[in-house]
């Protein structure tokens, strides 16, 4: 049994918040994008941060938010 | 290695007699009785709302039989990324707005091509031009015009790949460098333009479409979506195809509008693009901006690698999202990279879209990584061939969660290259240089964005009473020679001759699904299916032979040279032809059949197998004009067991030709979304006098996932050509390139830069 | 494509300014103009015929002034099409007037022109060269016009 | 107004009426249905449509049909001797000198015109002759080899014939 | 694929007289002369040119000739194809530079059907025969019904696709004077792809004195670097009366480069073409000098 985290918008479960953030930003549907707004985040801004600079800046920013919001799942 | 009777032997093209006599029919050569000619009216604006379309004048023109606009189409959207519905973004005719110069807004069917052309002039369209965006960097800005609703900042697709600990890797590196590149677009320029002939049968409600495509199955799926018909009611036939090179994967408006016009008029309708339509509205190799950061140890070992890319996706998706993924994958091959991170964004922009052109992401990727590697090698004082050998993968190498190399001959390839280069080019003249590039490429992709429920490849074999074999498959020969490979694999497995095989390929009504020709997949995937199908028939023959021979169960029987015999006592056997007759008689007159399927499982994210090797080019630079002469090319490659050495050589040489074009002269300059060189007059393609001679050496391996040990031999060598040239110029002059097309003016500028730099460093050195 | 140019006129800046905004002057100064009229204060309609060797172009276009700062700056967008459907044409023009000394005006202009259609396919390099010629001719016409009106006024 | 066009194509005389704007390639492909001659560009720059007009290789997309009045045209369909392929055709097959085959007819016709004039061309001479032809598949080298091979075949065929004649 | 969609009346001429008569008749009409039509047909397919009449002179076999005698020099009839010029024994013997030039004109297929004069009359600024004809001091005969005039090759093209040929006229012949002793001519064009339009081209003629030291005459023609082919007169003057050294050639090349006025395009910038013209003059000049010394 280990702690996992569930995507707030779909059934995806990941072991790390950073992985969950990667999953999240890989989705192209409206639903995923919209939820970010409710968290005060911009999908485009996160992607831009991720792709225009070296490092993992965009994912990290979302992972920080997911740490607070993603439901925990034991599997 | 195993001795085969057919596999590995130079075999002339089975389509040869048809192709050298002019008898081979391409879609463009086909006509049907009572056929109409269709033409598309296209937007002159890169981004505009359509306010109104008035077709009344055009309708009055004698000979015009139908005119349709967006509202007359069934309205289904289609795309190849069907797993992500929102990425099915293509439509037959623009309804509300146009998204690039060339987006079709109306279609005409008339009794002659000339009347159709004249009718286009009579259609009045009122547009409201909108602000447009043409560049990926502009596209993701907050205030950029939106190309598609629901895609804020025009982000069409993203891709992230990561393994190891990249930040730690860079921290441990002795040497880190960053380079930024701008890669130009290039067009595949198939000689046969996109064209389709559609015939709708009113009585049965069934549609038949002949089209110049690499995948009849993709077209069938897409037509079903676009026309809101059932897949089974659509038959797609791929006649001979005059070139593909990745530009004929997507279903284009020619096929869809020909179909709609045929459904509307009840007559066959044919749409043929002009060459400028081909250039301005069909898919090309995506332009992109790439940033690379590499960390190495002093000895040249790569410890960390990070890549960021933004592709100028254009107005629709096509296979561009796959290209984005593969760019991030192929850029790592064939090297051991312990820590890797990739982020890519594909942006929607108001230009024609970029997609899966030959090399599928590897071409721009390798250009950047391999020219960067040369610079790093120079800084570290390591020989460019040695740094490649040092980092090259070994059999069994696995990029965590991504891909695994089973057969893998890259190290022996590099060793062979080192020896051959010394013999071949013992001395360099002034302003000459040798450039290297190592490469690897997939043997068909393990992706299911099309969301097919069927096996990826299949084939059906039917053996007739006289021993002739009918081989049915949807697999597509688009010039790469797959028909020959298919016949060879089938004949080898059955132990018969190629002349015994009758091919029935590329027709959705004749066979089970095959995803078609893209990503060098047919030899391995369709080849496995054919081998499977033939093996089933062979087994039936062996069973009968065993009965008739009454031999000990412990003896193995083989099929070879038109006989079935005991492997250890070849004199004991029976004629294939006799056995077939007996088998059919014994089976109540039912011909022998076998149906084979292939879908890769548990083979990572990319492909079951990889072709690979290393290329070297010797080039001379004219320091006054900037002209680069590629004098000689040497390739050492591992393509597993090569099925047909003639065809493999053709593929390697053709890839090099296209790759050299990418490196030297092919480009798509645009102004406000308009292509400035949409004819062969201005789009420069290398001619025979511009091509060097090419020497190809093989390092054969046995690929366990491929039929008879075969794997990719088609596309791998396109990617290394351009970086080889750039590296040769770099070695000769020190000139560094951060974009791909080495036009003389660019070369001259880069040489002057390098001279300045060398002077400056000399000065500071003093 | 970007067309840039600069020329100096010997006339008071106000006069140059007025001439530039007067469709009658423009009509007679732009080579090949067959028609030029003001629809309203900001909009002009014109038909201009040009010939480059055997290629004949007859452009019908509308110019709209988007920014006017008398007597120094004009920004305009033009949009038009060849009457024989040879192609479409759009442009963004900026004209700057700078009085270097009384009676001496330096005029600089940039025009970002895009051509679409058959015209563009083969015409790009010709149009670019022709644009320079047209620009030169326009300058000399305007200069003469200004001179003539000065003489007439005097 | 249509005008008379008398033309011999692959040895067959034709008496046709064509619009003056008709190009030779349209007569070949559309009126005579000889679809082996292909068109791949609109700017006379690919040579896919090459045919032999009174012994010369020309681009049939760039010749007004009426300009070929009274002349003889040889297209790819006229090259084989019945079911026996012409040595150039056979050499193209044996050397894998085509892939998609779309430009092949034009390549073969240009090669034929060359070998008729120069039975033993060098690599450079072959390249000069074939330089107008765009091939997107092969990278050209295998085409050049096929033409050299064809030259040899034609020569040995000729010497065999003259040998027969002597005997 | 594109075809010619606009109808025209087709008027074939069999003799020069017939052609001039037709031209006179249609002087005021929208007509085009077709010889090989290698550029015209493409322009018509693209509907850039839509003439009402096409006067076909391809059949004027009386103008298909290449003749030479020491007194009057070389005469090239207006219907001479590129290929005939390239293969002509007279040319190979007396004016090999023209054969060298021809080897890189478009493709064999185009050279087989297209004519040298047609190419000149199309007046693309990058036209290949332009610079060598300027260097060889060629004259062009322009005929109208009942009249004829002779113009210098360097004057012939006046602008993009425009020549001195007026409505009702046609070119009938090119004349090139016999080369004086100790003359060398060389031509080259540079394009990244073989047979393509020139980014720049240059032809240089150098005539030396008896001692083969001093340059008594020089002519330089440049292509692709102006609205029409350019004669670099200042550079010529620099060479005349002097012993040509590498330095002097480089200097002249620099001057020639300044005499050009290319335009920027997608293929290269104006600056590059200017620079290139100089480089080509230097290279071609060196070869022309070597040839003059051998002649």
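By letter and in written order, the chains are A, B, C, D and E; residue numbering begins at 1 in each of them.
To be clear about the criterion, a contact is a pair of C-beta atoms (placed from the backbone, for glycine too) under 8 Å apart; a residue touches a chain by one contact, two chains touch by 3 or more.
Worth saying up front: this structure is predicted, and the values here are computed from it rather than measured.
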Chains contacting each of subunit D and subunit E, listed by label: B
Counting one step per pair of touching chains, how few steps separate subunit B from subunit E? 1
Most remote chain, CA-based centroid, reference being subunit E: A
Pair joined by more contacting C-beta pairs (C-E or B-D): B-D
Separation of mean Cα positions, subunit C and subunit A [Å, integer]: 55
Euclidean distance of C-alpha centroids - subunit A vs subunit D, Å: 63
So how far apart, in whole Å, are subunit A and subunit E when each is placed at the average of its C-alpha atoms? 68
Whole-angstrom distance, CA centroid of subunit A to CA centroid of subunit B, is 33
In subunit E, which residues are in touch with two or more of the other chains? 1-3, 5, 46, 194-195, 266
Contacts with two or more other chains occur in subunit B at residues 193, 274-276, 676, 679, 681, 685, 687, 689
So subunit C residues touching two or more other chains come to 121-122, 124
Could you please specify the touching residues of subunit B with respect to subunit E in the complex? 113-114, 117-118, 193, 272, 274-275, 624-625, 627, 664-665, 669, 676-677, 681-682, 684-687, 689-690, 743-745, 748
Once bound in the complex, which stretches of subunit E touch subunit C? 32, 43, 46-50, 123, 159-162, 227, 263-266
For the complex, give me every residue of subunit B touching subunit A. 84, 86-87, 140, 142, 150-153, 155-160, 162, 167, 178, 291, 293, 306, 308-310, 341, 343-345
Residue numbers on subunit C that touch subunit E, as the complex places them: 52-55, 84, 86, 118-119, 121-126, 128-130, 132
In the complex, subunit E residues that touch subunit B: 1-3, 5, 190, 192-197, 199, 266-269, 272, 275-276, 279
